[in-house]
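One structure is given below, represented as structure tokens, and several questions about it will come after.
Letters A, B, C and D mark the chains in the order given here, with residues in each chain numbered from 1 onward.
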Amino acid sequence: MIVYPHIYRKLKRGPQVILPKDIGIILSYTGVSKNSVCIDAGTGSGWLALSLARVSKQVYSYELREDFIAIAEKNMKILGIDNLTLKLGDVFQKIDESDADLVTLDMPNSDRALGNAYKSLKVGGMVAGYLPHTEQVKTFVEALNKEGFSDVHTVEVIVRDFLVRKEGMRPTNMGVWHTAYLVFARK
Amino acid sequence: MIVYPHIYRKLKRGPQVILPKDIGIILSYTGVSKNSVCIDAGTGSGWLALSLARVSKQVYSYELREDFIAIAEKNMKILGIDNLTLKLGDVFQKIDESDADLVTLDMPNSDRALGNAYKSLKVGGMVAGYLPHTEQVKTFVEALNKEGFSDVHTVEVIVRDFLVRKEGMRPTNMGVWHTAYLVFARK
Amino acid sequence: MIVYPHIYRKLKRGPQVILPKDIGIILSYTGVSKNSVCIDAGTGSGWLALSLARVSKQVYSYELREDFIAIAEKNMKILGIDNLTLKLGDVFQKIDESDADLVTLDMPNSDRALGNAYKSLKVGGMVAGYLPHTEQVKTFVEALNKEGFSDVHTVEVIVRDFLVRKEGMRPTNMGVWHTAYLVFARK
Amino acid sequence: MIVYPHIYRKLKRGPQVILPKDIGIILSYTGVSKNSVCIDAGTGSGWLALSLARVSKQVYSYELREDFIAIAEKNMKILGIDNLTLKLGDVFQKIDESDADLVTLDMPNSDRALGNAYKSLKVGGMVAGYLPHTEQVKTFVEALNKEGFSDVHTVEVIVRDFLVRKEGMRPTNMGVWHTAYLVFARK
């Protein structure tokens, strides 16, 4: 059983979503703020893009599939978000924006987008990769180093739910062990 | 060794700080946004208050000790924050603000502040408690239930750092096991 | 999904069993050996008693319920164990054996058995408690201190399963977060 | 701070030892018993070999370095172990024993020993690999599959220490995050 925080419970889920546990660490580890311009790919159900939009100035989120964009659009309306631009496009080819504060990448072969990510970032801007497998982490980190990123930092986020009841306090018996590794780096 | 994300490295630390791992989960689990008004107690070194200020409309942070307020003030200047009001005051006695979206409590006996926290929150607003010991969690949860909060949810946040190097990928040998339990609830 | 090691897969399960993850740490943290005499209560399905019997000289396991003893007896036959004595009896009242090397306790209110456990142990002998809730740990530790045990040590055992496949290596998505806390102490 | 169980505290440590947390899971996941014959490589300080010897019939432990064998010999005497044979030898070249119940491998490039390990095991016998890096796990699992092992199972063992005191119960702040991955398989 996954316990979703309140604001996420009303959202639609199409493709696999990034869970609030990972969204939270992306927020605090990248230092995104009200002045930040963020680029996100791929959109998926839009949970990360929407979470970024709630706390930043503007988010541009790229997605290859129109059906996913439709889900994300519904979620935008549910949350009343107006500073998120959903873009049908391929970040392997091109990222239109520049001087961004943050690029988040949750897509297959995201390491191949790091060149364009680097170009779109301002100096000091951050990239955050969401990578399910250890091999992907390795490839991603190698690409980060090659593109000239610094402060490369890989983490795994585990949030355990607890039962606090009359009969006593203890962690839940089962829970989410793993979603993905998070890799952060700075331009 | 604790790896601090970039924005936290330049900050001063006086009293024990809330780490970015817990700050991140407070951000995503409470759903704080650019429209949010937040109340924080106690300020300590101000890391949580500052992190909230970066992503919300206004933060009021209460602290009993003037020397801690002085540290938090320095950190405000370092980050260039202008929407954080540091207040010398006791939330057990009184919280001046009302219609808040979030109250964060990191202080001894924080359960005794839940009555005032409830009054200061708008309906749907969230409270987040930071509690090192299991006994405190139990007392806090009981007080939440008594004050009429709903959606009570207790978690523990573990962020593991990984080494990704030529010789291979693995978690670091030692790391931070525990800071505090986080308890969330909604008015 | 719980992955059971090979030898446990053929065993019957009636009441909640102690998992191999906890059995393993009980073995290594108590230092049970071929020369050890062990006392166990309550038997339950007998997984812990059988695991102890496989590596020690003799095990005496106490259980209040005849139906549980019947399950444990079946499991004894499946594993071909002959150095385990299943006893219908109440360790709150009496432990018949003395000079034991290890007493394991997995039962409600096991702290009340610590007086008898102490008497049944040789000097240097170990006790291991299996306690699901934090409150039980606290009560158990207090009773250990009162009875004169030393080297009190509380742990939590987490064993994460990994998928290692063509598409990559990663932890399983879901897993067992919690069974019980283990408390060890020495006479 | 690493808290060692009582029996390990008196042992000498030369090269990096396998910790009791991993030893315990090796014991319970392989099902080693008083009837088991075990083969171990490399010996190192002998902690694993000694722990196996305490609960099994006979252990043969291979090591390339005479100085490590000297440390293990001292530890044998400290624990009064007489069913452990320390062997100066290279398991890549040859394992003298056959019909073993368990082969444990903790050495660089241990995947290259899996052919000899397979030959030395009885049908149903287990192998356990101790591997610090994810890449080593992958190579080891591939070699296990190639050699014809079944029931391949990879885990990570985390044992968290708790403080249970007057002021409350909580995990220790810092702890051992990682030693190695354990890979189990059956012939």
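Everything below uses one rule, namely that a contact is a pair of C-beta atoms (placed from the backbone, for glycine too) under 8 Å apart; a residue touches a chain by one contact, two chains touch by 3 or more.
Since the model is a prediction, treat every value here as computed from it, not as a measurement.
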Contact distance in steps, from chain A to chain C: 1
Copy pair chain C, chain D: interface residue numbering same or different (half cut): same
Degree value of the rotation bringing chain A onto chain B, based on Cα positions, nearest 5: 180
Between chain C and chain D, centroid-to-centroid distance (C-alpha), Å: 22
Euclidean distance of C-alpha centroids - chain A vs chain D, Å: 39
Overlap residues in chain A, where contacts from two or more other chains coincide: 134-135, 138, 160-161, 169, 171
Chain D-touching residues of chain C, taken from the complex the two chains share: 3, 5-8, 20-21, 23-34, 51, 54-56, 126, 134, 137-138, 141, 151-164, 169, 171, 181, 183-184, 186
Partner chain B, residues of chain D touching it in the complex: 132-136, 160-161, 167-179
